[in-house]
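Per-chain numbering from 1; labels A, B, C and D assigned in written order.
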Amino acid sequence: MKGLVIGGGVAGLRAALDIANAGFDVYLVERDFSIGGRSAQIVKSYPDLINIKDVLKPLMEEVYNHGRITLLTNSEVLGLEGETGNFKVKIEKKPRYVPEGKSCEKCIEVCPVEVPNEFNERLDKRKAIFVPFSYAVPDGCVIDETNCLHFKDGSCSRCKEVCDGINFDQKAETIEIDVGSVVVATGFDPFDPNLRPELAYDKYDGVITSLELERILDEDGPTGGKIIINGEEPKSVVFAHCIGSRDKKVGNPYCSRICCMYTAKEAYMLREKLPNAEISVCYIDMRAFGKGCEQFYEEVQKKQVLYRRGVAAEVYSNGGNLVLRAEDTLLSEPYESAADMIVLAVGVEPREDSSELAETLGIKVDECGFFVEKNLYDPVETEKEGIFLAGCCQGPKEIADSIMQGGAAAAKAIGLMGRHSN
Amino acid sequence: MTVYVLAEHRRGELMDVTFESISAARRLNDEVVAILLGKDLGDHAEKVAKYADKVLVVEDERIENNTEAYTQVIGELIKKDKPKVFLMGNTSMGMDIAPALAIDLDSPIATDVVGISEEGGRIKVMRSVYNGKVLSDLVLGEAETSVIAIRSGEFSAADLEEKNGEITKVDSPLKEAIENKKFLEFVEPVAGAVDITQADVLISVGRGIKDKDNLPMAEELADAVGGVVSCSRPVVDYDWLPKDRQVGTSGKTVKPKFYLAFGISGAFQHVAGMKGATMIVAINKDIKAPIFSVAQYGIVDDLLKVMPALTEKIKELKS
Amino acid sequence: MDVIVCVKKVPDTAEADVSVGAGGREINKERLTFAINEWDNYAVEEAIRLKEEDEGTVTVVTVGGKDKEDILRRSLAMGADKAIRLDMEDPEDSFVLANVLYTLIKDQKFDLVLFGAQSGDFNSGVTGVMVARMLGISHAAMVNGIEVLDGRTKTSRELEGGLNEIYEIKLPALFTIQTGINEPRYVSISGIRKARKKELKVMTPADVGVTEVKPMLSLEKMYLPPPGKIAEIIGGSPEEAAAKLASLLKEKGAF
Amino acid sequence: MMEVEEGNFDEAYDVYACMQCGKCTGSCAVSLRSDLNIRELMRIAILNENGELEKHEEIWDCTSCGICTVRCPRDLKPAEVIVGMRSSLVEGGTIPITVRDALESVGTNNNPWGRPKSKRAEWLEDLDVKVKNISEGEDAEYLLYIGCTASYDPRIQSVSRAAINVLTKLGVDFGILGEEEPCCGSEPRMMGETGLFEMLVEDNLNLFDEFSISKIITLSPHAYNTFVNDYPECAKRLKEDDAEIPDIELEVKHYTQILEELIDDGRLDGEMMNEFSETVIYHDPCYLGKRNNIFEPPRKILNIIPGARCIEFDRREDRSLCCEGGGGRMWAEGTGTGERNSIIRVNDANRDEATVIAVACPFCLSTLEDARATAGYEETMRVMDIFEILDEVLK
């Protein structure tokens, strides 16, 4: 009996490895070109400030090299039939047009197409043929069909001219697999701050999301780790909590759990890079409940990071200088604060298409779009036997918790498949 | 026949309305007898006698500053002499005394009178009613004595004929001191706390004042004329004057006797707060400014030139 | 402290165009709005404040037809306890009115009677003081402050030029109230609705025993003043204009 | 809307759900220059301290721009809590004198300006165009609802006249109510006079019914908002209380929406206009924009005017800066000090080299016009209602 894991982020990776290590063959289906998920965009963890790459990269490689794991990247689940122990799953496997493995990347040089680089939160550009990120797995170049001129109008095949390995004739194929259990670990989307127009995210370059800052903080990121906004190092930075979280107006009444601490971490890292900048954080309630988190929060505060109670209200530009409006609720004093950079701590949202996948799988989503667990005391099971949940697709959680839930979902899947095998 | 006129005075000052009353009384072509009551009367009697045919003086400490005592004493004098008319100002004192006297004497009364004449032996008055929008002519009923209170400022005392009338001291007819209504004291308006709604004269400044440094000029004029400085909204916006000086729908509504609008264009919201003023004078460079349509008098010029000149002229006229 | 307040409904003519009826005896009232006389409103507020400070009742009284009842309802909503409307035609002059009110009030229980110092229609300012005289009680006109002592009041009268004079007056007494003595509260529509339950007594002249008296004044005619010029412009140099204005102000009694 | 008795703010407004995040106060149009702190007032409402409300004079500083309600993450209605608090003060009678006088004037004169009802149609006097008067029995497709301010304020009356000229030229079948036009009740409602508002809703719906009025064009976004958002709810409540409310459904449009329709139908285009060589900056009124998400129609109109160079404020649409004219502020002194928003606004327009600030609201026109003069831009800048611009350019 084989297992299926949908989603190759930390939760999915953990689940696939645990199932495989228990002696079951397992398919890991990943929509993107590479596994790694959102965590790959993150530089450091909190509160221990470990390089995520040091944890994630070995995990990805282990999955890739595991004999019992069949990795299907650039693939999507189209359908699921049958019952627990006997699911028939239809998967669309899309081509990457370039063979896996380290490549010379000459093709990238000749590609005339430049599009925003999603991995770097569109802060820089990539080509239509590209390597998803430095430690992507599978390694090597891929072609982004939607932007490639060859697929648009057949006007270009420059990459193929420099690389024999490229095969434009590859076609998507649909395969059907039989599995006994499914672990769903499809992750999350960050909140789109344009839904809060008063923060003027799309209006000013100085207003960025926390994920953008994460990329800017990365030595391998678009700025080589330099903090540059509008060509200059910011002198004042304001972090704004709860953007798209605890917000019924945008349909997200829940707390996203991770923003308080990732902001603390980003503030910490920013302080290291900008020792003299004014850094402040607008918060509603500080939620530092994980192991070591409160201590870390205190440590960050001591680095002259000013926590001001009161949510960020509005951003405008006063003759080109950004101004943030908010109230210091402890002083009962509304204020305007000049800020060169305003970092929006965007919340966690279910994947845009989570409802469609739920329908495909025959499971439920809650009113916010997260997959519904059986109950809080069976946190990885769904109402449909044999289908388990892990990571942020079930609800916002941090990396460590996602890994934990991935393991838990795997254990459930293993147990189930074990029962059916006997 | 005679007309009695009350010589009104307070705290050593003879009031202008006294002479205006004499002026009104002269329209009845009768002997004008002024009555002067109280104590420490100084040279009031002489001043009044200059224009009255006769002055009756009752010196009695109990009368001073007591409207009830005034009423009783005047009543006694009238009962004795039976003048055709008793005339006084429709002042605060007049409002307290005149109606009571009318009842005491069973006399007809007309108050706040702006015109007076005698027709066929009957007293006819003109009154301005319904916010000054209508005039009414009234004839007083037949009686031994009629009581009339005239509106201040309506009867000019400028051309009074000199009479140098005789001054006669009269014994106080007041039987006993008034116990039910005792005068205690005068209370001055609180210094510093300016209440623009209570002022008779407002020197109101608008945007046209141009600069905070020009405000003392307005204060000086206000001091000269015995008024208070008020303003339109922009002046408060500039923080040149405190909010409690602002006239308009979002400020105070005022009804002074004189409203001098300097450099105020007359925005609707402002006008709504001052239109009740008895006399409005607008000083503005712009003849098209809406303030001119609510003002009775206007000067089309720069207020910075008019204001100091006006202050000087007023000082001259006062001295 | 039991207070009686006499109120009157008057047309609002401050801004309206006013015209005189054909007979020259009365203004045309069709397009005018009517409300409680401004001074009376202050008097009602003052009465209610006095009651709120001390125990007692406030009774509002008006003379006239049923159309006058809204000002009584409004006063009840403000906090008055009782209202009386004496159902009769508008009296011909202040003296007749004073006589009617005297007849009504003399049989009521009161410590204080308040009137507005004048009314916005004819501004005679005599009725209150006349009633006081008829009742044989002390009075003060143009009152802008009342402090109640034991059986007496410390009463402030407004004089010219912002000066006040203070009297000690024995109760019962009658005061005519000047505007500015207080800030009359707002009477909300729902407040008026709620006050519908309060007593509004309608009495006839016969109930009260009103005797006929002759008016003291007879109206000859009413007419509009000659059309005033809108902003008569004072010309000349700034100095000349200022001089003319100064004389004008003096003449009109500004200083 | 709700009449708040002592201590039931929670029942009326769910105030216990407030998490005190400060979004409201931080967003507030006047919090930076007044003592008004809505978050704090929400707290007071939770703690049932409404007996203390008299001390909070700043309750009258709210311009009712509604942004606190628009943005509240807990989906509460702080702007309505302020209305409720005002309502509680109105019931108690202790309100600023200027507000009192405005409300009393609505009661007696049917307008808050203290002007006689008989002069409501004076603005029509020097108009050449013949206008239908629905109250005199003339039939028209639309009622053009002028509103109190545009009826009485001499500066704003010019908008009313421009509206008549423009709509007549464009062949819109409309009429007015002349002297019979009532106050829409928006400002009384915002000033907390719930009973008066209800009375106006009842009277006005009956008036509309009497003259078979169902389609209304408003000059003011405030009237638009109250007809569209407050009337149906209030009428429903009144019916439940057995009031006699006719069953009419009003189709209400702000005039910019009608003009947009005319553009879409090809009945209004640039060809019909002379050049307007101005740099035009549009100021979003809160009651059109923030409260009702009508951002496009005014811009569409301005964009077809030949010669007009249309520019935008940095703070526009959802972030537009309130002019401070609403919520009864025309009649309230306010505790605020410091620079008024309207001054900031004209200064911003000047910096952007605008020569015309286009508005679509009588209050915006009034406040910005005042600010323009105060800031000294008489020579370089005009504040014009969109109707006035059209009246100027239409051939």
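Here is the rule we use: a residue touches a chain if its C-beta (ideal position, glycine included) is under 8 Å from a C-beta of that chain, and two chains touch if they have at least 3 such contacts.
On a predicted model such as this, the values are computed, not experimentally measured, just so you know.
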{"item": "Labels of chains that are neighbours to chain A and to chain C", "value": "D"}
{"item": "Of C-D and B-D, whichever chain pair has more C-beta contact pairs", "value": "C-D"}
{"item": "Identity of the most central chain, Cα criterion", "value": "D"}
{"item": "Distance between chain centroids, defined by C-alpha means - chain A, chain B (Å)", "value": "84"}
{"item": "Inter-centroid spacing, chain D versus chain C (mean Cα positions, whole Å)", "value": "37"}
{"item": "Centre distance in Å when chain B and chain D are each reduced to the mean of their C-alpha atoms", "value": "44"}
{"item": "Rounded Å distance, chain B centre to chain C centre (Cα mean)", "value": "20"}
{"item": "Multi-partner residues of chain D (each touching 2 or more other chains)", "value": "97, 114-115"}
{"item": "Overall pattern in which the protein chains touch one another (line/ring/star/complete/other)", "value": "other"}
{"item": "Touch list for chain C against partner chain D, complex", "value": "12, 15-17, 31-33, 35, 78, 183-193"}
{"item": "Interfacial residue positions of chain D with respect to chain A in the complex", "value": "19-23, 25-28, 31-32, 37, 39-40, 71-75, 314-315, 317-319, 351"}
{"item": "For the chain B and chain C complex, residues of the former touching the latter", "value": "10, 15-16, 65, 67-68, 90-93, 95-96, 98-100, 102-104, 107-112, 124, 127-141, 143, 152-153, 156, 158, 179-189, 197-201, 224-227, 257-258, 275-276, 279, 281-282, 287, 292-302, 305-306, 309-310, 312-314, 316-318"}
{"item": "Chain D contact footprint on chain A (complex, rising order)", "value": "197-198, 200, 242, 246-249, 284-285, 309-314, 316-319, 325-329, 332, 334-336"}
{"item": "Contact set on chain B toward chain D in their complex", "value": "207, 233-234, 237-239, 243, 246, 249-251, 253, 265, 267-269, 272, 290"}
